[in-house]
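Quick one: the structure is below, and I'll ask about it shortly.
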Amino acid sequence: MIGTRTWAIPEGYIPEESTGPEPEMESHETLCVLNAGDEEATLEITVYFSDRDPVGPYEKTVPARRTSHFRFNDFDEPEPIPTGADFATVIESDVPVVCQHTRLDSRQAENALLSTMAYPGE
Amino acid sequence: MIGTRTWAIPEGYIPEESTGPEPEMESHETLCVLNAGDEEATLEITVYFSDRDPVGPYEKTVPARRTSHFRFNDFDEPEPIPTGADFATVIESDVPVVCQHTRLDSRQAENALLSTMAYPGE
Amino acid sequence: MIGTRTWAIPEGYIPEESTGPEPEMESHETLCVLNAGDEEATLEITVYFSDRDPVGPYEKTVPARRTSHFRFNDFDEPEPIPTGADFATVIESDVPVVCQHTRLDSRQAENALLSTMAYPGE
Amino acid sequence: MIGTRTWAIPEGYIPEESTGPEPEMESHETLCVLNAGDEEATLEITVYFSDRDPVGPYEKTVPARRTSHFRFNDFDEPEPIPTGADFATVIESDVPVVCQHTRLDSRQAENALLSTMAYPGE
């Protein structure tokens, strides 16, 4: 099945709410995961910072033959990801998945701003 | 010949028409396929969703030594891709091709907004 | 030396000049090539279209230990790349190089809009 | 540990300060590095130009289990990177890391504009 079990995204940043002129202008940092296989994927996501120990794992599941688009803004267990701070992410899955990192915002249809495939490990 | 037979794109989203201030501002989610080889490529595209079974295959062809840029907005067989919903895509080709995912909009020359190479399978 | 000899970029599009409100707003479709090695790289670039035979090779050189950022808008031999038409690119080099595809425009400092590493062949 | 020791980014460009209408609108060309391993990473970064010899190494460290987001605008030893000039980058690390290239600007929360994973060497 297409994909691999480990992925990394060095870039992450959730702007502080107050920097956007309107609440609906805040950015959404999104992890898009495709599980094209026939078994549910259990993800363990570790979040790395510049100046303190990593936090995690955040546990997520992606059902078989489904895609899930997770917003880092909504992560809350074991703790929310702080705004205004650089972070990075490692995703480990028990079955092969494909991960893409996209930042988009909800103001208008066309304002998704960046995207890259995550870096696949072995 | 450069390329491979399987590709995945975890991120996909066609905005609802009404979210753009003008019809010409709607985003176009595009799959760019290069077939640099000497045989026509037959593609089978499966579209994955967050909350229901995948749909497909959508069948497309790319002639030998040609590039085709497909808009997900125009997919209609077996059914259109719903707007306002997350999706993901797996492309399977009978000959090696190269796939890139680009979102662009038609308002101005310079407003293409994101692009990434698709993830290549074996 | 880092890199490989064959690269592909499925997505390419040079807007028609008239679509930009000002000449300086036209998009620039750029191929960024890094030759980190000790020998000059000779590139042969083939441009693929949706509805006619490929054109090329366009010949370019990148000196040893240099980077060259080529604008597709400026390609002229054997013929200019038409505006308003989808194209794709294959780059073949006689020594290893690294290729990245970026679209940027010259209106403001910050308005580069998309970028992705090209797809590496063997 | 996820990552590799050599990475390349063919595209780089720091706009001249004067091109932005306000100081806070200048672009930031950023190298995001994730060191998910248990040893500090020492990076040697070489910057390539179009018309002169490469400069470097710029030495940077990323602590164990940390991410560091470096702005090329802030590089100063052995010399600042000139504005208004194309450059490219090779990153060599003594332990495996993952590198991503992002251009963002500080005007608003949502205006990060391009990102791609760097090209991994062996």
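In this document, chain identifiers A, B, C and D correspond to the written order of the chains, with residue numbering beginning at 1 in each.
The rule is short, and it goes like this: contacts are C-beta pairs under 8 Å (C-beta built on N, C-alpha and C of every residue); 3 or more make two chains touch, one makes a residue touch a chain.
Just so it is clear, the model here is predicted, and its values are computed rather than measured.
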item	value
Touch-network distance, chain A to chain C, counted in steps	2
Chains in simultaneous contact with chain A and chain B	none
Same or different residue numbers at the chain B/chain C copy interface, by half rule	different
Greatest separation from chain D - chain, by CA centre	B
Relative orientation of copies chain A and chain D, as a Cα rotation angle in degrees, nearest 5	90
Chain centre separation in whole Å, for chain D relative to chain C (CA means)	22
Approximate Å spacing (C-alpha centroids) for the pair chain B, chain D	31
For chain B, residues that touch 2 or more chains besides their own	111, 113-117
Topology of the chain contact graph, where touching chains are joined (line, ring, star, complete, other)	ring
Those chain pairs that satisfy the touch definition	A-B, A-D, B-C, C-D
Touch list for chain A against partner chain B, complex	2-3, 30, 32-34, 36, 65-69, 98-100, 102, 104, 108-117, 120
Residue ranges of chain D in contact with chain C within the complex	6, 8-13, 15-16, 19-21, 25-27, 46, 48-51, 53-54, 86-88, 90, 101, 103, 105, 107, 111, 113-119, 121
